[in-house]
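Some structures are shown below for you to check.
The same subunit A turns up in both complexes below, where it pairs with subunit B and then with subunit C.
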Partner chain A sequence: MALYDLLFGPFIEFGFMRRALMGCLALSISGAPIGVFLVLRRMSLMGDVMAHAILPGAAIGFLLSGFSLFAMTVGGVAAGLLVALGAGAIARTTPLREDASFAAFYLVSLGLGVMIVSIKGSNIDLLHVLFGNVLALDDPSIYLIGGIATVTLLSLALIYRLLVAECFDPGFLKSVGGAGGLAHFLFLALVVLNLVGGFNALGTLMVVGLIVLPAASARFWSETVPGQIVASAIIGIVSSLVGLLVSYHAELPTSPAIILAAGAIHALSILAGRHGSFASQALRARHLRG
Partner chain B sequence: MKSSLWLIAAALALSTALPAQAADKLKVVATFSVLGDLASEIGGDHVEVRTLVGPNGDAHTFEPSPADAKAMGGAAVLVENGLGLEGWLGRLINVSGFKGEKVIATAGVKPIAWTGAEEEEGHDHDKPEADAEAGHDHDGHDHAAHEGHSHSVDPHAWQNPLNGVLYVQNIVAGFSAADPENAAEYKAKGEELATALKAIDAKFKAEFARVPAERRKIVTSHDAFGYFADAYGIQFVAPEGVSTESEASAADVAKIIRQIKAEKITALFAENITDPRLLNQIARETGVTIGGELFSDALSPPDGPAPTYLKMFENNGAKLLAAMNAPAK
Partner chain C sequence: MLKRNAPSIRLDNLTLSYRRHPAVHHLSGSFEPGSFTAIFGPNGAGKSTLLKGIVGLIKPDSGRIALDGVGRSDIGYLPQQSALDRSFPMRVLDVAAMGLWRKAGIFSSIGRRQLGAVEAALAAVGLTGFEDRIIGTLSGGQFQRALFARLLLQDTRLILLDEPFTAIDARTTEELLALIQSWHGEGRTVVTVLHDLDIVRERIPETLLLAREKVAWGPTAEVMTDANLARARHLHEAFEDNAELCEMPA
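Then we have the complex of A and B:
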């Protein structure tokens, strides 16, 4: 009974807990393949960059039409795509590498956002406004996150083989020409979509954590891409559940609790995962000696 | 980023600082919209008021622009709330080279602590009548005393109309000191406002007293109505902490939902300066409809429901009464 109250009670008594869980589940499942490909393609930090690039777009959306999920989503996606496409195009046509080009674009985008906000003259704490709150997911937000998860999984099914090939042969997508470029941009667009959806769910920049942390942990549990995607989704779901319950029982803010749960699982994975962790390396060393 | 802004502000202020009282009108800078409205009501045609934090803005988190510093440097009178509301103001005064008359609107107000309990922290404020006279300070001695005990005191004193009367008296005194020629007119306007505020207070006292005590409970998104609650025996519950910065935990939200259900609270309100989404969620879960928008820290734009200080009370009072008198779910 006590265990039942501990684990299920909050979700049965309160609708907002069920909604928070639902949003986090959708995001975990949708973010898992995105995160795994970001990690395998050595683009983990790109997620962070894109998250910052999206902010000004969402801010503009808010300033134009207030608390409109639609305007803020469209603004965020537009800003994110602009940065992704612009940076990608410059990297392909000039000697400037893609990471430097990304950095340049997102810094400009961030500056622009702050400038627009200042001109408008409103000084409602923007960070507080831009992000949703995981405890305040309304119907449109849930539909948005669910829709993004659906689009992400379907699109990834289309370009899955191209992306896997790119992971093991960086430059593969460039070498196959048209279709390769398209796949790369589609992937970046999916990253942007998931980040925008995540803003609504987790309510902070920490959304990048729920996408990248489980993927980085999954590396220690499976050596195949599909295996890592499944492991990543499971780790994301467990982190969400643990984070929500800790927030409920220990009276802690929710989003950081979820990310710290993912962080704890990551630490555990580094120490005791099946592949490449400290524990497995120690076992293997003994095996070789013996 | 903040420090570089200040450098720019300082440079601009130094290079373009205007001599005080260059124009015919008395140049007044008010820190936020409530004070701005009172200042223009009292000053009428004799003053030119610049409000730093405008309608629907949050005075807790404000970043002044160089133009603000410039306006401040040229101002003859500065009207601030005090009680720690404008944490950013001290530095702005320093960089702007402001040398005019400073009005601390809350001088003479008996501050209440954030917890809602009476606190004997503001020793120098216990004699409202005597202090109202000293509210405008000529040489800055008063200043340190007002910033010293700001951390644990609720600054939203204007939410009690009787405190509003003190605000008016302080502003009138400040204007009269800076511009003795029109002192009689300021005094007349001030008395008009004070009468209106006292009438609002009397009306509220009567109307809220008619609501049964157990129905005088309000859930709102930000804890800004301590003085109002004190004056009319209303209990305010806020899902977030006292500042707009803290994030609510799942436990906080759960507690409020339970409380609303258990005590059959029917009054749920959004505020013009905070995020309504969490409140919407609570409304959906408890089946209580949101009774509209209350104005706490900022007035609405001129075409909104609370463009002036007096209208703010009318708006808030009417909506609160309507929601409290609604049938319980």
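Then we have the complex of A and C:
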């Protein structure tokens, strides 16, 4: 009975917990392949940058029409794509390296976003934008997250081979006439979409955590891309569940609880994962004969 | 396959450059149908750049690359190993199967018959039993064999190889060289960048001696003379920061 109250009670009793769970599950499943490719393309930090970059766009939407899902989503997507393209273009055409140019964009975006939200709203509004409010997801938000997850999985199924080839051997892809640039741009667009979808739930500062942390952990559990995607989705789902329950029972803020749960699994993966963790290195004490 | 059906490449006053500094400078000549040519020269002589130009990875500054008898996307290209991400989580089977790209495209699945072809290609390069190995666990030679399996499956009539034997042991080199010679025997046009003077002299019929500019191009014995090699070393200079504009007509 106690276990039932602990694990299932909150979801059965409260609709807001069920909706929070639905949103987080969709985000975890959709964010898993996105995160894995971000990590493989050495773009984990870039995900962080883009998450901050959507802030001023969403803030302008907020400025124009308050907490309107539509306005903030459109603003966020537009700002995210703009920064992804703009920072890439600046890195290609000036001596500034890509990481520095992304850092510049993200710092400015963060300042601008906080400024815009503060002009119109209160500190509560600012907190909502920065850290989300997963326990207050309404139906349209759930549909948005679900729709983005569907689009993400379908699109990735289409460009999967292109993405893998582009990561592993871009010269080969180009030599067989594959559209590597197009795949890269579509991938960036999907990253932005997922960040925008997640930002309602987890806020702009936290949403990357549910995308990148499980993917970075998955690397310790599988040595193939499909395996890492599955592992990442499972880790994301478990983190969401644990985070929601801990936050419910201990009355702690939800999105940090989810991210910290993912962080705990990440630490566990580094310590005891199957491939390359401390434990696996320590246990491989005796070598094989051949 | 008949030699007269094999593709050829004609270079017409070709200049390829990085940041306006030419890596290949006013180069003219042609790789004949069915020929087997080594590109030899000092580091920075523009050998890899020339291959990238032919594949279309970089655009000519001036001049022309004319492919005859083959489309640009129908070239078998082996990049330098350092251009690939060997930490990428991929199986040997996946690497070889990339060679089916033209047949399978980006959507269609790889059927049993094609899987058989992949396994046959892996067998031909001596990698039977390695299908499920992650590429990060392979030695340099084994990884190069996997890339050769990919080339086999691409089954192209024009094959460009960029330093295929760098950091590869003698036995693997010998086996892969035999494979390349069999491609030449089948009438394919093969161009390979090489660093090993002995392999070029003993095994490759034609040579382009390159030092940004053409030093000599033709039958290996006539090209690889001591005088020409000395001239290649002499001609070759590093990028000059204050180089003047080239006045040669484009």
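Definition applied: the second predicted complex is superposed on the first by the 232 of 290 C-alpha atoms of A that agree within 3 Å, B and C clash if a C-alpha of one lies under 4 Å from a C-alpha of the other, contacts with A are read in each partner's own complex, and residues count from 1 in each chain.
The criterion applied here is as follows: a residue touches a chain if its C-beta (ideal position, glycine included) is under 8 Å from a C-beta of that chain, and two chains touch if they have at least 3 such contacts.
Being a predicted model, the structure only gives us computed values, none of them experimental.
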Which superposed partner A:Leu210 touches (first subunit B, second subunit C, both, neither): neither
Touched partner set for A:His249, first subunit B, second subunit C, both or neither: first
Which superposed partner A:Ala165 touches (first subunit B, second subunit C, both, neither): second
Which of subunit B and subunit C A:Pro10 touches, first, second, both or neither: first
Between subunit B and subunit C, more extensive residue contact with subunit A: B
First (subunit B), second (subunit C), both or neither touched by A:Gly178: second
Contacts of A:Gln228 with subunit B and subunit C, given as first, second, both or neither: second
Complex contacts: residues of subunit B adjacent to subunit A: 53-54, 56-58, 61-63, 65, 244-254, 257, 273-278, 280-282, 284-285
Of subunit C, residues touching subunit A in the complex: 52, 55-57, 72-73, 75, 77, 79, 83-85, 88-91, 94-95, 98, 101-102, 106-107, 134, 136, 150, 154
Subunit B-touching residues of subunit A, taken from the complex the two chains share: 10, 13-17, 19-20, 67, 118, 121-125, 128-129, 132-133, 135-138, 203, 244, 247-256
List of subunit A residues in touch with subunit C within their complex: 40, 158-159, 161-162, 164-165, 167-169, 171-172, 174-178, 222-225, 227-228
